[in-house]
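Next up: the structures, one after another.
Look for chain A in each of the two complexes below; its partner is chain B in the first and chain C in the second.
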Partner chain A sequence: MPGELADEGQRRAMLAEIDSSCRAPVLFFVISGLAWLLLGTLLALVTSIKLHSPGFLAGWDFLTFGRVRPAHLNAVIYGFASQTGIAVTIWLMCRLCRVPLISGGLIILAAIFWNVGLTIGLIGILAGDSTAIEWLELPGYSTPILFFSYALVAVWSIITFRLRRESHLYVSQWYLLGAILWFPWLYATAQIMLILEPVRGTVQAAINWWFAHNVLGLWFTPIGLAAIYYFIPKVIGRPIHSYYLSVLGFWSLALFYNWNGLHHLIGGPMPAWMITVSVVASVMMLIPVITVAINHHFTMVGHFGKLRYSPTLRFVVVGALCYTATSLQGVANSLRSYSEIVHFTHHTIAHAHLGLYGFFTMVMFGSLYYIIPRISGREWPSLGLISIHFWGCFLGLVLYVVPLSYGGILQGLAMNDATVPFMKVVEGTLPWLKLRTFAGLLMALGHVAFVGNLVWLLARVFGPYRKPVVAILSGTETPAIAGK
Partner chain B sequence: MKYGPLLFLGILLTLASSWVGLVLAPYKQLGGLLPNPATNAVGVVSYFPEARKGEAQQGAEHYRSLGCVYCHSQQVRPAGFGGDIDRGWGRRRSVSRDYVHDRPVMLGTSRTGPDLTNIGERQSDYGWHYTHLYNPQITSKGSVMPPYPFLFEKRRIGPGGVSTNALKLVGEFAPGDGWEVVPTPAARQLVEYLRSLKSSYDLPEAPLPKAAGDAVTATAVQ
Partner chain C sequence: MSPIGILLLFGAMAVPVVALACLRWAAKNGQLQNGDRGALLPFDLEEPLDKATDQILNRKSAKS
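This part shows the complex of A and B:
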């Protein structure tokens, strides 16, 4: 009917306006994030090789294992994952609030500050100024710059939220708003109580793990879940399975996740109640995890064929499956009897990568496959590179997580048996560590293919030769979102 | 959901709950812990754990800076939980009071290498520590710990002969005729720190096993 067509035309015009307003600020965050991804991948490979070949690059203090490892972590967490997460958050916020991006210059300024602060901090770590507090290694002289940058993004987000032209708040917005408000509280508490004015003794350990677990649970997880909730219905063109499960999933995550952190100290020198509270909260995580799993996976049922055509869907669905897997593994890890075995082993490292790589990174890759053609007006130039990206990352992930999880259990069992000499325990981990390096090479291949494809795309955007947009790869633009 | 303010409030209150429970409450309970006074056989009162001084304290900075914490924990789990005490990593479990002097507290989350809570008691030999840091393959063949050649100086043997603190290196690890390897101040401080890592004192909340026959007896202070 003519009326509907006019509405549809207006809707598309509005989306196009929002997308083009996002172009420069979102691309700036994306490109910075991917540059850190390449550097972080390189640092990861060096770290991995060192763990089975300790003589590798051992002659310089700035390349010793204990510095390259935190450099890797901070490059991928604060460089890649956070910046890509912010980029996706900004775009989703504009789309869901139905407002074009305001003050793009402010966002770009924030991105510049973020990258400057992080560069200073990372050089600091390699030079020996690491705080040695896990997930907070960046020296105290670099983090205020990051915090300032973050404050700009947060204020921008809240203003955009206030300006929204859509009264209904979609589930993705709940999660995004949560992430935006939770992160500064976590980061400020940790910076003040651990680095600026350190508290005494093991209070540090409590705050350290309250922070570190919540960076995953209340920063990366909500952004990742917001993206999954947005892109699965978008691409397959049907609403989310159940609105009520979305509500239950969100509020149970908000209630329980932030109490989980101290299960990282099981067996440690802490009063038992602190550990027990966190173990209980970790088991309660079954509620949001199963709720969200039902909601995501049941939405997909009957539409798996679309995985073949949409890279967005392929990455996002793998991410959603990994979220379920890593969360269930996390519940197991938090039990005292299981933690007794795996706590100090490489099992934990595998678990962390299933969460941050399998879940968060894969979802972010999927999101970028959708967002970038829309904000740049160009399709992805190479299907082949997309395939290399997906299979490199996916096979790398499987080869990383499955063997190392298993190897970690063997390591823990051997370590708990005092009749096994320690050097035997070390020898037992070597095959898994070597396999991990191979898996890392596959991931690196995927990353290079992705960045290559993006550079190619950008060359078309900014180069003299411009082709019209053909939206075949990224799925259809359907208004199928729950509650609309 | 339509109500933005309700969402805001819920988001803030949920995190506030764990901030009170897992930040403020531990701070109230553990933030004021003090070392424990103990009287020895001749009536001298000492406080445990003892504060680190001088080179040992400087060594803690190298331990932090070089990221030793990524492979070595400093926490002994209770008897019957894991193999920590059976492996000889400590005679008693670690408790919060053991860490009141540490900045930062480096409990560690990985045991790619062994726990170091009590390394000072388990291995006090300077020569062993220097050689091990210079190249772990010499003392612990098959180790995946990196060598730290940059903590040592390779230099020509001076007119006075081989330095007293030169490492005793033989075979494939020897520096060559006319050369010697000596620890830098950083290596010396790091080894002093490692030697200071001891949990051989009694605490009321974590007494040493009686069989150990330690001369120091704890005075319970509440």
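This part shows the complex of A and C:
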């Protein structure tokens, strides 16, 4: 590459420059993403309580289930997950391309537009303006703002990639570039075909599930896997087990994932061949999933002891395990015989949360534990809050997914039994739904602990300057905590 | 076909074409070879190979 750095001193200076150049834009996306996480968590708790206590906050129109539930979904996927995903993408792209962040103002502008668009959209949903299309509930007047914002980020990413000083690509860059190019295609196609010039009839459902499934698999999944492939080797100090396997995993994901969405319509009024193609592609997903699982596991072999000391590794490894689990569960769910039981049950809700929370969110938390001290020059102030964050989220996740998956199977079996009255089936779900609210409270505790720790850290960043303690950067033990 | 239909068709065709072009570029530029070099890209002078990082929960034992 034309700008490759040969001099060692120049390389060291460049690394520091990269991190400091990312500070404002990345922090902007992270802080706003976490604000949406807190709001999304609150909306999730309200939604969850309403499922077993329908009279809860039922006196206000804007807090009815049909509005709060999509508000929660859109706050967490477009507010939290997308914004932290973009923040992690920006930092990883700069680090792996070996270039400082260019046009930071452009990225901040994109973040402002994203938040303005989302705020308008969320207010619209709560006011009753939802499109009623799952994962695309934001009203049509807010989405062009989001799209403009995203275009700025995508153009910036491609320019950064073009200016890279390292000619060879790491597998994380393949995943990130894939996500950057796939998302606008998915979002624009779905917006045009469902909102701007809506297609008719059951084709709407096909487009809806093509988008909803792919936004997880071709937007969040590549960013999450890019982060896992970067942070596990970084923390343990060893390269990934097989680079070739990782590249195979990327290209097989690119080949098979796009066809998966229609397995959500098993039993629906769709041509059988379309569903069958989707089921076959879903089973073929075993290839990328198993290659990724093998690679992560064999990279970690001999290094599991480091989980005790690294919050990044804890969150990322839990996320990687959840990726394997949710993918295998997804393959099972796509089979007609299994889908007959679990399709319209809480099992599906557990599956979605295992993917978006257990996999993606946990990986994002782990990534932020690594990135923020480097761009801010400060260590995390409280180890106790890190532990509360991890155990709150982890136990909440287990208590959410395991009972709801099991309860969903029981619910499906009961629904398929014509001798069981429907109200009996509904009553049978109540214990699982109450447990779900408790699990949500644990997750909320974890989120509050994380945000509290971040606010504490930022208060030190903007306080009087003290030389950063190098423990995080070097990985060695330290006798002091930065900022004290 | 409406202009939007043509646009969508073009988009749907462009995705596999771009993917194939990327794969061809990767093959021609040696991105699919020399896996050892690729695997070492996350490491740098500040955080080199064989050096564990982010062991911050070790601070407890370091303090006591």
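Basically, the second predicted complex is superposed on the first by the 456 of 484 C-alpha atoms of A that agree within 3 Å, B and C clash if a C-alpha of one lies under 4 Å from a C-alpha of the other, contacts with A are read in each partner's own complex, and residues count from 1 in each chain.
By definition in this document, a contact is a pair of C-beta atoms (placed from the backbone, for glycine too) under 8 Å apart; a residue touches a chain by one contact, two chains touch by 3 or more.
Everything numeric in this text was worked out from a predicted model, so none of it was measured.
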| item | value |
| --- | --- |
| Chain A as common anchor, with chain B and chain C clashing or fitting | clash |
| First, second, both or neither for A:Glu379, with chain B first and chain C second | second |
| Partner with the higher number of touched chain A residues, chain C or chain B | B |
| Which of chain B and chain C A:His168 touches, first, second, both or neither | both |
| Which of chain B and chain C A:Met270 touches, first, second, both or neither | first |
| Partner chain in contact with A:Ile207 - chain B first, chain C second, else both or neither | first |
| Contacts of A:Ala254 with chain B and chain C, given as first, second, both or neither | both |
| First, second, both or neither for A:Tyr230, with chain B first and chain C second | second |
| Set of chain A residues, in rising order, touched by both chain B and chain C | 167-169, 181-182, 185, 189, 193, 247, 251, 254, 258 |
| Complex contacts: residues of chain C adjacent to chain A | 2, 4, 7-8, 11-12, 15, 18-19, 23, 26, 29-32, 34-63 |
| Chain B-facing residues of chain A, complex | 50-52, 54-55, 58-61, 64-67, 69-70, 128-134, 161-162, 167-169, 174, 177-178, 181-182, 185-186, 189, 193-194, 198-207, 210, 214, 218, 247, 251, 254-255, 258-259, 261-262, 264-265, 267-271, 274, 277-278, 336, 340, 343-346, 348-349, 415-418, 422-423, 426-427, 429-430, 433 |
| Parts of chain B lying in touch with chain A, wherever the complex brings them together | 1-2, 4, 7-8, 10-12, 14-15, 17-19, 21-23, 25-27, 29-33, 63-71, 73, 75, 77-78, 81-83, 86-88, 93-100, 102-114, 136, 140-150 |
| Sites on chain A touched by chain C in the complex | 8, 11-12, 15, 95-96, 166-172, 181-182, 185, 188-189, 192-193, 196-197, 230, 233-240, 242-244, 247, 251, 254, 258, 306, 308-313, 369-370, 379-380, 383, 386, 471-479, 481 |
